[in-house]
Amino acid sequence: MQLDDLYREVIVDHYNRPRNFGRPEKWDIMVEGKNPVCGDEIVIYLTVKDDVVSECRFEGKGCTISIASASVMTESLIGKSLGEIRLVLSDFNRLLRGEVCQRCEQYSDAIAFQGVTKFPVRVKCALLAWKTLEGAIPDSGTHQA
Amino acid sequence: MALDPRQIKADFPIFAAQVRNGRELVYLDNGATTQKPRVVIDAERDFYSSEYGTVHRGIYHLSAMATGLYEAARETVADFVNARLTKEIIFTRGATDSINLVARTFGDRFIGKGDEIILSEFEHHSNMVPWLMLQERTGARLVYVRSTPDWRLDMTDLRSKLSSRTKLVAITGMSNVLGTINDIDMICQLAHEHSARVLVDGAQLVPHFGFDVRATDCDFLAFSSHKMLGPTGVGVLYLKEEIGAAVPPYLGGGDMIEYVRYDGFTTNELPYKFEAGTPNIAGVIAFAKAIEYLQGLGIENIIAHEREVTEYALDRLLSLEGIEIYGPKTPDKRGALFSFNYKDIHSHDVASILDFANIAVRAGHHCAQPLMQRLGVNSTARASFYVYNQKEEIDILRESLKQCERFLKHAVG
Amino acid sequence: MALDPRQIKADFPIFAAQVRNGRELVYLDNGATTQKPRVVIDAERDFYSSEYGTVHRGIYHLSAMATGLYEAARETVADFVNARLTKEIIFTRGATDSINLVARTFGDRFIGKGDEIILSEFEHHSNMVPWLMLQERTGARLVYVRSTPDWRLDMTDLRSKLSSRTKLVAITGMSNVLGTINDIDMICQLAHEHSARVLVDGAQLVPHFGFDVRATDCDFLAFSSHKMLGPTGVGVLYLKEEIGAAVPPYLGGGDMIEYVRYDGFTTNELPYKFEAGTPNIAGVIAFAKAIEYLQGLGIENIIAHEREVTEYALDRLLSLEGIEIYGPKTPDKRGALFSFNYKDIHSHDVASILDFANIAVRAGHHCAQPLMQRLGVNSTARASFYVYNQKEEIDILRESLKQCERFLKHAVG
Amino acid sequence: MQLDDLYREVIVDHYNRPRNFGRPEKWDIMVEGKNPVCGDEIVIYLTVKDDVVSECRFEGKGCTISIASASVMTESLIGKSLGEIRLVLSDFNRLLRGEVCQRCEQYSDAIAFQGVTKFPVRVKCALLAWKTLEGAIPDSGTHQA
């Protein structure tokens, strides 16, 4: 286990230069998420055209992992249909549970978060944006015991 | 006599076990919980291995022995906090449980609609939520005393808020975020002038400074074993006999009763009235060993060590560029516990990176969310020290903090 | 596969430690508390010695490990009682604490004036006093189901007492005085027909027979670690998710909240909502080891052993002249726990004299005073068996009982 | 430690043939005591003439130790003034705390209860009658922490 597994260059890069950051002029779906334990907050804005995400932006405060993960998420959602989003969501959840996920290679830099599984306490950070989005896509069917 | 942390460390098996990448464990989350010396670990093991039995009921040898040890532990605690009577010591599950006990018994009986409970702005959730719940149940009001700019309790504000409506001042002995130590003597004196009772949340204070319930004349004192070298699952509530006798019981069950009929019951005498069910026998017995260990080090010596660490840490940390420390910047009436943020690195990242240097610090809201808002932050990192911590560890912390930044910078490329 | 108590005994250090006057310890107070196997004792020691940290909050290695072990223990328990969701398992201080939790949350929210709680006549004080206290708070009524002459629950009487007023049936799985095992499946079915909830006091039943919360469909199940080879200071409350979500919190403090403001708070999700404050981390982790040890023996084998001991004990004890056994005289639906009086020797004298033969039995009212009155006695002696007890120990008990009388007779001269 | 320390012959004798047992026709002071743990019950009857106990009887149910101790108590009180009773009470308490008590030799067979100190759980039994009486003699000043 290396600290670099957590702070992959690409993650730190997304943290320092978050993509799709900042509130857009208009949007179709807005959803807020918080982690009470660390005070992290995130707001996600989705614009949907013909059932396809045309724009996805976010703003918020958080640690390296939660911000980078939100940044990666926005990139991997743009151009996807709502049905596909559900798949991406469940794939990312699986990745963070340490399961094999070949498709994840296709989602922006999502695969970089594989190393986070070695830091169980940080998994929550990596999932903040994704869990938040999940709340806005009611049928996304990822279950938790 | 000065403490020798190197030597003390040798009494704690974890430090030998937790060497990582050639680095010794620098354990700085003592505000959350402390490590355990061998005498405490062995006490539980020996008890279970050779003399385990239940307490208070058994006629047979094992039970008589266990009862003897359990009640001797109560005397050890009574002696440690200088209680007038042994029966003023109630064993609970922890400080949280102790405070809830007071809220459910003294609170439900004596604090009604319109009555006021005075708290500081820097209480732990465990000394807020039970009162917020009481507020919901009874319509009592919570009143918060302001802090000074230096993050101490504003005594003038306390004076102005005390009134005949005040039924209780529930206040921390030492803040688990700011390190601030409150002037409990004075608070008790002022509160008693208004016939208000005082509950001291001693979870942080007691392990580091001891406590004298008779000298302060406080009415309730709550603290936890696990924050003072003892096992988890044990806490203490000291309460004055006259109060204990006047309030209703807490949990119902075995041991806390005198007589039970199908349609009613009478309560047992103190302290049993408040100890329903089979207690954490092994935990309590081992906790007494922890107290004896601390007494062996000498409370005065622990206080002196705390002072030394506090002075050194304030000096070394405040001089680090980019650090912000929350809490008093002077060592008087302040414990060796430091909440901080470094540059604009998130506290979780700080904690993760320090962890790689085998330094354990806390990150988050430290169960004091409202205070975080007052401080204007989402979270802080926190380094808290105890008897086995050396001043050198402050230097290690300082150097490693600098690495944090370099690490995250470097990674950007 | 039949249990081999001789071999099992070797796993429990106390038996080697407690040989007195050349006599091995015959420990027959398992109804009160059980001895601990080495794996459990070692689990606590190892945890404190090499991986101790607090749970749920720390970013650093030790805390992450402790959290992992603590939550894995919850899964072990969930699996053991076959809960649908892990979060339906709440760690408490003991069965007493678990039952009080239900009374203070579900009770205060859903059981009001005129509502009824149905109990048996042979409940432990821990499953009576919390309801008597609720009765005082809310005006709810306690209704007791009669016993049959054979000291079983009179199901006809239960049927006739269930009504739309019944909000809860709070019933023991197995009586700690009579050994009677109740038909929980049937009780749940009948109660649910009246939309009443069922709380099972599993303190005696669970250690000896296991439990399946889904098969029985009970709503609450309470039990204690220390009565099933685990450490003191740990208990379990299973509660259905839908109920857990609908009721108010129990204790206020750290961990059980989501957000706290100076003027209010919101609660955390299950199971944390009901776990305020630092839990008994080491105790919980070691408790999981106890469950694994029991699973290693095999619950089916434990049940078979219990049956065998019950049959033998009933045979050997009932045939002893002058003994009176309280409880069912047949081994069906009955545990290996026997309350008795011998001749007119007071139970305290019996226990003292047996203790001299290194036999540990309980004497007193067994936290069931009202039942004592029904039985027409002031107290009884009680011998209760577990996995390490051999049938031979029943013979030793029998012979030693005879000595009691001889001893007291002889002394008269 | 021997079982005989507890069940001294004289104690078992007092249990089998308790002295001053049974309710008298009349009395001046009556006091009841119970031990909730073991269900033992005792009633003590005192007749006082010119400040001196002329009769002391008891009835009740209990174990060997509690009954024998009550029997011994009645014997050691008869003929004593109320002031002397206080002394006897505190002496017996001291004896049961394991302290030396030379005067105890004078109180009927009280000294036989010395062995009970080796059985802490039975001390309560030995004290039941005495504690009960203490409740009826308000000024008796034995304190307990």
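In order of appearance the chains are A, B, C and D, and numbering begins at 1 in each one.
In this section, a residue touches a chain if its C-beta (ideal position, glycine included) is under 8 Å from a C-beta of that chain, and two chains touch if they have at least 3 such contacts.
On a predicted model such as this, the values are computed, not experimentally measured, just so you know.
Q: Which chain is most remote from subunit A in terms of Cα centres?
A: Centre of mass proxy via C-alpha means gives D as farthest from subunit A.
Q: Please compute the C-alpha centroid of subunit A, do the same for subunit C, then give the distance between them in whole Å.
A: Subunit A and subunit C have C-alpha centres separated by 46 Å.
Q: Rounded to the nearest whole Å, what is the centre-to-centre distance of subunit B and subunit C, using the mean of the C-alpha atoms as each centre?
A: A distance of 31 Å separates the two centres.
Q: What whole-Å value do you get for the distance between subunit A and subunit D if each is reduced to the mean of its CA atoms?
A: 78
Q: At which residue positions does subunit C touch at least two other chains?
A: 57-59, 63, 257, 259, 348, 352, 363-364, 369
Q: Residues touching two or more other chains, restricted to subunit D: which are they?
A: Subunit D, residues with two or more chain partners: 36-37, 119, 122.
Q: How are the chains arranged in terms of who touches whom: line, ring, star, complete or other?
A: It is other, because the touches fit no line, ring, star or complete pattern.
Q: Spell out all pairs of chains that touch, sorted by label.
A: A-B, A-C, B-C, B-D, C-D
Q: Name, in rising order, each residue of subunit B that touches subunit C in their complex.
A: Against subunit C, the touching part of subunit B is residues 13-14, 17-18, 20, 25, 27, 29, 32-33, 35-36, 40-41, 44-45, 48-54, 57-63, 93-97, 99-100, 103, 121, 124-126, 128-133, 142, 144, 224, 226, 231-234, 249, 251-257, 259-265, 276-283, 348, 351-352, 354-355, 358-364, 367, 369-370.
Q: So in the complex, which bits of subunit C are touching subunit D?
A: My answer: residues 346-349, 352-353, 356, 363-365, 369, 372, 377-379, 407-408, 411-413.
Q: For the complex, which residues does subunit A have touching subunit C?
A: Spelled out, the residues of subunit A in touch with subunit C are 36-37, 119-122, 145.
Q: Touching subunit B in the complex: which residues of subunit A?
A: Against subunit B, the touching part of subunit A is residues 3-4, 6-9, 11-13, 15-16, 36-41, 61-65, 119, 122, 125.
Q: Under the definition above, what is the set of subunit B residues touching subunit D in their complex?
A: It comes out as residues 57-59, 63-64, 67-68, 85-87, 257-259, 268.
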